[in-house]
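Look for subunit A in each of the two complexes below; its partner is subunit B in the first and subunit C in the second.
Moving on to the complex of A and B:
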């Protein structure tokens, strides 16, 4: 690909992000539902972990009640900013053949799809961040570390993009099996537990804690939440970038092979 | 609606739901795994903390058994209950209203969701294996599940019927998410206004928290309170739907019966 093509594609992706973000903002009722749902889940888990910290002398596995509330507010934002059934939706588009129309466009299918999802995610993420900041500040006060919280912001964006890319990688299986319905369910639970959405990974017994920290799911919820809970660990962002490169490459290969398969078999 | 008409409707819905047996069983198994992960979450929490505001892992096991069984029964056997707001807001009840049967009864018996059977199977298995079942505990568990079914159904019909007035579907979606979410956690972890709301507005406390306590320590007055709320919720659901029907506007969609 020459330089002018690369620049043109970049412009197409940026425009896709903008259009998708505008569409999402144009549906305020969907954003309100997402915001209320985020607040409900965050309030429940924050209440649970605060009660757990109170019951065990003020902290759980090294996290104070304040840290746990900031952890939960961030880990929930990293999950609820995305539609839960994304894998199923992509799989349906592939299985039904609707994706064939997208292949006629002069831009990569995967790139455009990821750009569109990122555009839809941004308003939801900003809403969740705003609600989360107000909720955590009102319930437990300022975050344990301002500098670590500042680091959590780019980490949250990286976590969400990584999640989108990985879901596309999983959904690419539909090019061959024509159905990715069941996959989203398992994927969601992997992010919930091994990704650290419901609980800090330190709560898990060894060697599960070590294993889960080595998996990419931890980069989708645990990493930004760990940073927001006051742990200034910039190396965690490098881990996210690494996973983004690895899984982005894998998704690219999977889609390229899948598109070839679709062209070859026609179904 | 006569019982024979209800039975035929329900039997057809059942056959439709299980038309693809392999896929249906796969979904049931998936839901079983999903519920197991929630129990695993609680086990992990209680590995670190002995008890949280009077709740230990045994209490939470009973709580999970009640909510999975009752929510599975409601969503599995009366799946349209989740779609009332959509049908009301988009005028999707035309075909149902043309039938010589009670619209609510027909709606509740005409759609079955196979995946929710995984919840029912899980809840019963969980209670049978880890709920220390004795004849008394089994009887209280069954009573709790029946009351929970009535409360969940009534609540979902009320929030779904709001679609008749608002012409929007969000209340129904949020109502479902809220009642399931709040019911899988012990209400006692909350305090003040939130705890009050979880008894008075979103009746999660009456669905799982009080019944789970009843299973471990039966109390007549608490049982009567749960029963009264169950009767009230069921009546409120029927009344709200009936009132809402008067404001229904046709969408001229004749294909959704």
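Moving on to the complex of A and C:
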């Protein structure tokens, strides 16, 4: 690809993000529902973890009650900022052949899709961050570390983009498999259990803790949550970037092969 | 020669494997499709369900590779240069929207303009021009979800035409539209063809779409072209049936005339003063029959009606 093409594509993706964000804001009811749901889940989990910390002498696996509240406020934002059935929607578009219409545009299908999802995610993420900041500050006060929290912001964006890219990679199974729902179910459970969405991964027994930290799913919730809970560990962001490159490349290959398969077989 | 052809494909075949293991078999969706379509032509590509129309369109737009055969669309091999071709063709599928429902059509058009690599100033000018041409200017700023189907289809057409495609593929574009909206949509297609020279490749089950928009009809069935001719010639070539509708001053005049003719006839519905003769022109040439009618007493109105195109197409399927 030459430079002018690359610049043009970048412009297209930026515009897709902007347009999709406007599209999301145009549906304030969906945003309100996401905000209320986020607050409910965060409040319940924060209450549970505070009780657990109190019962364990003020901390759980090195996380204080304050750190745990900031942890769940961030890990839930990393989850609820994404539409809940996104992977199914992507897979259904592929399975139903609707993706063929997107292939009739002079732009990469995956790139446009990811840009659009990122655009839709941004307003939800900003809402969750705002609600989370207010909730955590009001319930337990300031975050354990301001500098670590500053790192958590870009980490949360990376986590969400990584999640979107990986969902596309898994959903691409629909190019080959007639009923790919099992793949999507597996993905959702993997993120749920091994991503650190509900609990810090240190709570898990060895070797599960080490294994889950080595998996990419930990970069989708655990990493920004760990940073927000006061752990200044910039190397975690490098890990996220690495996963983004690896899984972004894998999603690109999966879509390229899938589109070729569709062109070759029509099914 | 190639430059004058928008579509030039030879012996295009596409087969699909269906079923599993023991029941596995190959279905030939398209068999030896030959198409030569000149730039600026308006072609209807018609056939019954399962005839191979959609498969052919997929190959012509580059989203399906043929099993065998060669061909070019606008000088490009579609299945090898899909994105390059996408810049030069427009597609409109009646059942798949190009618009984002929560956004205004204008926002979608601006987005599509960026996807096609068009300058913003060009896109804005083009949106203005299309809005005027399609009488859709006031629709572009409403959320797409609030538009009626007819209004939405006008915006869809604007989206398909935004990048000034040389060739427009339309798959069932009037499906679900009411009569007035259909008529308006057909007029717009004609306008785009005459004003901008856009080649129109249309599939539709609605005979009126074919009759009003297309100048040439290609009929496919079982994956092969079974008929290819100018729409105007189809009736004359294929059907020798004409109807002659004769209005009389009174019922008595009509009854007296009907009682002595040897052709198949009936009264027009709801009246017994209008006689409709169905004529096989192979047996009874129209001229002498008209002479006979004109010599009858009490004739006040007379019209010769061609067979409906639906019948013509049905005849093509039956002949095959």
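Assume the second predicted complex is superposed on the first by the 266 of 267 C-alpha atoms of A that agree within 3 Å, B and C clash if a C-alpha of one lies under 4 Å from a C-alpha of the other, contacts with A are read in each partner's own complex, and residues count from 1 in each chain.
By our rule, a contact is a pair of C-beta atoms (placed from the backbone, for glycine too) under 8 Å apart; a residue touches a chain by one contact, two chains touch by 3 or more.
All figures in this text were calculated on a predicted structure; none of them were measured in a lab.
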Taking the superposition on A as described, I'd like to know which of subunit B and subunit C A:101 touches: first, second, both or neither.
second
For A:199, is the partner it touches subunit B (first), subunit C (second), both, or none of the two (neither)?
first
Using the superposition on chain A described above, determine whether A:40 touches subunit B (first), subunit C (second), both, or neither.
first
Does the superposition put A:51 against subunit B (first), subunit C (second), both, or neither?
first
Which partner does A:19 reach: the first (subunit B), the second (subunit C), both, or neither?
second
In the overlaid three-chain picture, which partner chain does A:138 touch, first (subunit B) or second (subunit C), both, or neither?
neither
Which of the two partners, first being subunit B and second being subunit C, lies in contact with A:60: first, second, both, or neither?
first
Partner chain in contact with A:112 - subunit B first, subunit C second, else both or neither:
second
Let me test your reading of the model: by the given contact rule, A:262 touches which partner, first (subunit B), second (subunit C), both or neither?
second
Would you tell me the residues on subunit A in contact with subunit B in one complex that are also in contact with subunit C in the other?
none
Note which residues of subunit A are touching subunit C in the complex, please.
8, 11-12, 15-16, 19, 22-23, 26-27, 98, 100-101, 103-107, 112, 262-267
Within their complex, subunit C touches subunit A through residues 14, 16, 55, 58, 61-65, 79, 82-84, 86-87, 89, 91, 93, 96, 98, 100, 102-103, 107-108, 110-112, 114-117, 143
Subunit B to subunit A touching residues, read off their complex
26-27, 30-31, 33-34, 37, 40-41, 44-45, 47-53, 168, 170, 173-174, 177-178, 181-182, 185, 189-190, 194
In the complex, subunit A touches subunit B at residues 29, 32-33, 36-37, 40-41, 43-44, 47-48, 51-52, 55-56, 60-61, 181-182, 185-186, 189, 192-193, 198-199, 203-205
